[in-house]
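Chain nomenclature is as follows: A, B, C, D, E and F, assigned in order of appearance, with residue numbering initiated at 1 for each chain independently.
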Amino acid sequence: MERNATLFTHTKRFQYNATPDAPDPVFAKQMQELIGGQWGEMSVMVGYLFQGWNCRGPAKYRDMLMDTATEEIGHVEMLATMCARLLEASPVETEKAAENGGDGGIVGSVLGGQDTQQAIINAAMNPHHAVVSGGGSTPRDSNGNAWNAGYIVASGNLLADMRFNVTAESQGRLQVARLYQLTEDAGVRDMFSFLLARDTMHQNQWLAAIEELKADGLEDTPVPSNFPQEREVSEVSYRFMNFSEGQESQQGRWAEGPSMDGKGQFEYVADPEAMGPEMDELDPPVEPRLYSTPKQPMQPSSS
Amino acid sequence: MERNATLFTHTKRFQYNATPDAPDPVFAKQMQELIGGQWGEMSVMVGYLFQGWNCRGPAKYRDMLMDTATEEIGHVEMLATMCARLLEASPVETEKAAENGGDGGIVGSVLGGQDTQQAIINAAMNPHHAVVSGGGSTPRDSNGNAWNAGYIVASGNLLADMRFNVTAESQGRLQVARLYQLTEDAGVRDMFSFLLARDTMHQNQWLAAIEELKADGLEDTPVPSNFPQEREVSEVSYRFMNFSEGQESQQGRWAEGPSMDGKGQFEYVADPEAMGPEMDELDPPVEPRLYSTPKQPMQPSSS
Amino acid sequence: MERNATLFTHTKRFQYNATPDAPDPVFAKQMQELIGGQWGEMSVMVGYLFQGWNCRGPAKYRDMLMDTATEEIGHVEMLATMCARLLEASPVETEKAAENGGDGGIVGSVLGGQDTQQAIINAAMNPHHAVVSGGGSTPRDSNGNAWNAGYIVASGNLLADMRFNVTAESQGRLQVARLYQLTEDAGVRDMFSFLLARDTMHQNQWLAAIEELKADGLEDTPVPSNFPQEREVSEVSYRFMNFSEGQESQQGRWAEGPSMDGKGQFEYVADPEAMGPEMDELDPPVEPRLYSTPKQPMQPSSS
Amino acid sequence: MERNATLFTHTKRFQYNATPDAPDPVFAKQMQELIGGQWGEMSVMVGYLFQGWNCRGPAKYRDMLMDTATEEIGHVEMLATMCARLLEASPVETEKAAENGGDGGIVGSVLGGQDTQQAIINAAMNPHHAVVSGGGSTPRDSNGNAWNAGYIVASGNLLADMRFNVTAESQGRLQVARLYQLTEDAGVRDMFSFLLARDTMHQNQWLAAIEELKADGLEDTPVPSNFPQEREVSEVSYRFMNFSEGQESQQGRWAEGPSMDGKGQFEYVADPEAMGPEMDELDPPVEPRLYSTPKQPMQPSSS
Amino acid sequence: MERNATLFTHTKRFQYNATPDAPDPVFAKQMQELIGGQWGEMSVMVGYLFQGWNCRGPAKYRDMLMDTATEEIGHVEMLATMCARLLEASPVETEKAAENGGDGGIVGSVLGGQDTQQAIINAAMNPHHAVVSGGGSTPRDSNGNAWNAGYIVASGNLLADMRFNVTAESQGRLQVARLYQLTEDAGVRDMFSFLLARDTMHQNQWLAAIEELKADGLEDTPVPSNFPQEREVSEVSYRFMNFSEGQESQQGRWAEGPSMDGKGQFEYVADPEAMGPEMDELDPPVEPRLYSTPKQPMQPSSS
Amino acid sequence: MERNATLFTHTKRFQYNATPDAPDPVFAKQMQELIGGQWGEMSVMVGYLFQGWNCRGPAKYRDMLMDTATEEIGHVEMLATMCARLLEASPVETEKAAENGGDGGIVGSVLGGQDTQQAIINAAMNPHHAVVSGGGSTPRDSNGNAWNAGYIVASGNLLADMRFNVTAESQGRLQVARLYQLTEDAGVRDMFSFLLARDTMHQNQWLAAIEELKADGLEDTPVPSNFPQEREVSEVSYRFMNFSEGQESQQGRWAEGPSMDGKGQFEYVADPEAMGPEMDELDPPVEPRLYSTPKQPMQPSSS
């Protein structure tokens, strides 16, 4: 296909294989986490798009964000297709069961004559896959929670956001790896092998971008590094405070030695002092017409 | 530190000062972001608590998580108190205005006789601060969105979670810095100076914890590092793919050289190939009793 | 009962039968979609009420909206009652099981001595039906998502809203039909036969109302028709744009012939041109005190 | 740019102009409705993508859905860019104000020395635009509600979904038209002129697709038309029921004449009869171990 | 109007007056709390309906619940109408302003030529009231949050639920009283006078119902009273535990004397002992294929 | 009790035992309701914290609120730990199954060779427990809904809030009692015995606090009692209105006798009169540029 130079376009090939060996409605339910879960592909798709659109930094960062954002749309596509195919045979299976056993419904009563495996599937599958999407995936997680934009961030500060991106690719790859263990379907595992590889790249990519941002002198720890650090209460800037019994927490890298930003020394405080005043009561007389409870009985009041 | 044998306890001193110079209901609205926003203190409080409770790793990590989680409860406390105090004078102001101008209501009609500044405040303040919480803070963000647990993660994988924690402290410190610029109140800025310092520490702390996890051999890039990487489609594990016009994205650290995990070489692919098959239609005949649209007209059907 | 002329009233008869032949807690879970799902009866109840209350058009529309809104309250009532009855025998069943098998708990451990069917039900039923509502329905969908007002619309523009209503009755009837296939309970199917019929009426009703609005000269395609269409970039007002590989999309009614509003001719554009400028960077120098990443390193800055 | 055949790609030109004449942070807040609101461009983008991915009907429908879905990504892009630009000058303005009046903060206290217009903007602007996104748009609506997938549907039934699409384009165009009246900025209005035109096309397109589905014999009113209508309680399938005082609702097309599906005659029922039984109490004795309130006092009970 | 005996019906008279003296878009925004807020009328409407539908107790309770639920529908109606009227004059006002000042837009740029009062209103009004609902109310709160069913409860236990109802009427009346002080509009205040009275009744009603439940022997403190209390760890059933510094909490009725249920004696514990074991680590070796962080380095693992 | 001067602290002992006899992933799913459900421990923890922080009443109330809030953090801790332990053996079990039956995956296909009990567990367990939290609890309810701050209230009015607290402890104890019946695990029941006892105390505590508030003259029925009751439409302040067929509702305490606040007499109104005007149409001519549907056709219009 010839294409002229306009915005987003879509081709009709998958980035990689997206066909299971066999249907599995229960796994389809679990795999929804990768589509519309907190760390699913919709989150990286929408997150990177908005980070790219909000980007006011050098072109290479914006371009990279748009590259990967665009790739992620295709990842949602593969997962959505895989999910639809995992849902395909369930009616077929049941139809056969119905022929054999006279069980008329698609799924039928759990107490009906169908076999135990089918009964388990019918009872456990995501009701939305039958009733709402009619055999397709939904932009929701494995518990049916709608994807929402509270999962993502695009702050305009590239280091803050790329730290988020490292997280997202870490949580995402972790979830793919766990789901890999929850299925033995070779087709599903084949696609997961591809997603795992891309998540490996993307973890590396955002870690590299973080280094690049520092090398370019654009941002550093502590984010935002352009806030003048002398305005901090600097005596607590590198102090680890022990607020729970026991001092096992003293044994880590965070408790002594130079701080990671190279600007201070970690210090361990076993018994942190309150630096603030005694918690005095909220003082001013209550505005009576808000009807919050005062310290003393008051006369009824209205304007 | 001496402590008796009971779980959580609470004292009556603030960790630091939490008193503004003067009330400012509009700033109180904006500052809610730090209490109940996506990256506010409730998020780190609840996030670290669940990470600690779910932790199956070495004691030093669990202890550290509980230390900092416990500290964060006190940060919410300071911010909640500050917010309540920023809301205090508004009725007082208005009462005076009412005395002077005969304007009976607490806030009064925006079109009423009150002065312009008061009218702006009345119209712009968070209605919840008057109507719902009666002069107190709420566990919500600056737009009134209820805090929800979809903001946090506790995955059991400490590296994945500590990357989240670095992010949270970066976005959090960024927001404090921005709010610092949105006010000139010396009391508010004093408290922010403390929070900025603690966020500096916490960014450093989680970065140090990440190093410690690697040094302990417990986890590494790519997370989860215990998934056998040979099961990936390794040819794309370190390949940057260009999906948008232009190649500015080739100029970064992510496009060449050794990968950050030391296990591969970055490669730039200007024209990524689709590795998957042509997107064939979803094939199997539609189960007619789900009433999704088929490729061919069908007879009405019901069991 | 004599009633005088006041607002809403309630009688104690159902609009139709609402009794199942037998309890079925798993189907009760699935059927929740019709109560508190995106397209459940609560959505049409609340949607039509607000459309009626917001209506500034002729009385016949407002009256019709209130008629059907009021009917829908009774539909929620039937479904809620049906759901409660589907949940009734589950403890009874188990009590019997307990007597027979010494299984003391209401539901008991999934691994306990009970029979397989009961174990499936116990494991798969909506936990809210036992723990939260104690054997009653909830205003939630089949995955337990709370109904929320983001599902509905009442825009003040009757054609826009009645198009929504046609959709709601279509999705709703589709879901009832699918659930009809998921059960063989004659009592449930009897009630569904009534709901299907009413949804048939309501699809027809809103389609008729759309014709009426046009006949009355109040609104037309494109909604809102009172916006002067000459202010559009009219060259793209009837142009189908092909943004994905392949031109199968050229074969439809939308690609040629007169447009549905009778005001233009459909045109197929295989290779749409970008009409906008090159995507230039976001230009202005970043306000340094927002700490977004700039194009060039900057000095730390604070007011 | 040469592109090989892979999935989604992105170019660096806008579909149309996206530059305002001047910044306007308050309008930026209001315009967020078109990005992440219930009927904003994210909704049509995600909705059409999932409808395309779930599509099991003829290729022309799937292709058309992917075409328009892909176009909509570019619409979000234009709006996000416009929003970022509307937010640009606000710090500039303030900087100037600061120079002139010694007002150090970016926004500063509402009660400070700045001029009234600036004070109004500071108090009324979306706090997220300063604190969260640092001068960029967010995937949220004009009240700051996060976009969520509960706004969309992809049911597998194309007629049900295309009715939703007509609605979405109607509500969307209505909102653009209203926002057009809320601004006088020529640059904003220019972009809106383009969006209005595309919404005109898309309303027509989905109406055409509805006709095509009927012409192809794939679906019809009542949706789903493949459910055997004889299973309805057919006596109420075309009956308008009057549940509110007055009979203005009798005057419309929905109250008499042939039904819109050509399968019945509308009938007006002024006094609808209850067809169900008296609302008997929920009968079975309450399982005592659920601790719901029974009709008679019971002994304490536990297994 | 003659009515036959069917379910819900609607008449065309308001329960009380619902007309403001003058429009006030900012107050319309604030008053939304009473419609779709956590404690607004939608909450009592939906809450009482589901409590009634789930009720398995004596008929008088179910009937009472349905009575009041039905009344509440009419309260939403009054508030929705009031809100629509508060929004009415805003365009009219502006039209006039436009005539006088050549300000073409309905609202116009905040920085435009309009007067200050209008600029404040334009900037502060709920954008949904213009863009989404076109001058009508929405089922949302004063910050634009969609009403959701997570606000209500219908547990099947009448005492638990009626305690909720007392709360709802208390919070609701409190909010009406606060909003009463935020306006001076005599028409609004007139309607509020009615709502305040009904909330007085309803607080009394649910308190009376609580007494009735006890008198009927159906339920008592502690809810659920039918759970055999001897299964509690009874030594802590009436013990107040002091977990925060200072012992002001010893001065209340809860710290000594007979307990409110008459079944025990309050006891004050200044230094509560932990009764549980030391918090040992989560012990079992981590299943390696979940990739949570273990206590010791492990070999890569996959099935 | 000795405490050093720092806000919140944490010890490493549980308030009570939190160890099950055996793992049970399905019960772990159900028990999530007590952690992150509407009435779970997170709700009382966050609710009491904010009530304490917002408290402007006498010190004893604030101190008591902080005492109990702090205790509740420890309750979440016990439940989170219990949940993690209920999830522990599931992989172990499966590992054994895998050894025996060659079933390689952790959970494996539901249709695989594993035994039926394991298949039921795999299909029914909360996917988040495997995929998201890796064997830990989540801050969500039994259906996977994220906890959100819309569940709680802190109004500043102590009587209104303590009525909420009584409710919360009633609903909470009810849910613990129901879950007690859903398991036979002695370890789980042991912990529940403790929680039931504490809920008994807390119900009594808040009831006592309500008495204390009245005795102190700070607040009374109707809340807020400082609003001058003479501004109510007093004729309906103690009138029970019958809006549904039948008069069973006349038989309760709420229908006659002195009102609970001692300020009036209950009165039963069998046929309530509408006190408001006829529901006239929303009158003013529609502002044409909002494009809501008018009563008469209008010319296209734009500014």
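List of remarks:
Keep in mind that, in the parts below, a residue touches a chain if its C-beta (ideal position, glycine included) is under 8 Å from a C-beta of that chain, and two chains touch if they have at least 3 such contacts.
Please read all numbers here as calculations on a predicted model, not as lab measurements.
Two copies of one sequence, chain B and chain D, touch each other mainly through non-matching residues, since under half of the numbers at the interface are common to both.
Taking the mean of C-alpha positions as each chain's centre, the chain lying farthest from the centre of chain D is F. Rounded to whole angstrom units, the spacing between the C-alpha centres of chain B and chain F is 24. Between the Cα centres of chain B and chain C there is a gap of 31 Å.
If you average the CA atoms of chain D and of chain E, the two centres end up 26 Å from each other.
Touching of two or more other chains is recorded for residues 1, 3, 5-15, 38-39, 54, 56, 59, 61-62, 66-67, 70-71, 81, 84, 104-106, 116, 120, 123-124, 130, 132, 134-136, 140, 143-146, 148, 150, 153, 155-157, 159, 174, 177-178, 180-181, 184, 224, 227, 229, 231, 243-246, 272, 274, 282, 286, 289-292, 302-303 of chain D.
By the touch criterion given at the top, residues 4-12, 54-59, 61-62, 103-112, 116, 119-120, 122-124, 126-128, 130-132, 134, 140, 143-146, 155-159, 213, 216-219, 224-229, 231 of chain F touch chain A in their complex.
Taken together, the chain F residues at the contact with chain E in this complex read 1, 3, 11-19, 38-39, 59-64, 66-68, 70-71, 78, 81, 84-85, 88-89, 91-92, 95, 98, 104-106, 130, 134-136, 145, 148, 150-151, 153, 155, 157, 159-160, 163-164, 166-167, 170-171, 173-174, 177, 180, 189, 193-194, 196-201, 203-205, 207-209, 211-212, 215, 221-224, 227, 229, 231-254, 259-261, 264, 266, 272, 274-279, 282, 284, 286-287, 289-292, 303. Residues of chain E that touch chain A in their complex: 174, 177-178, 180-181, 184, 289-291, 302-303. Taken together, the chain D residues at the contact with chain E in this complex read 24, 26-27, 29-30, 33, 37-39, 116-117, 120-121, 123-124, 141-145, 174-175, 178-179, 181-185, 243-246, 271-274, 281-282, 286, 288, 290-295, 297-302.
On the side of chain B, the complex with chain F involves touching residues 1-11, 13-15, 36, 42, 46, 49-50, 53-54, 56, 66-67, 69-71, 73-74, 76-77, 80-81, 84, 132-140, 146-150, 152-157.
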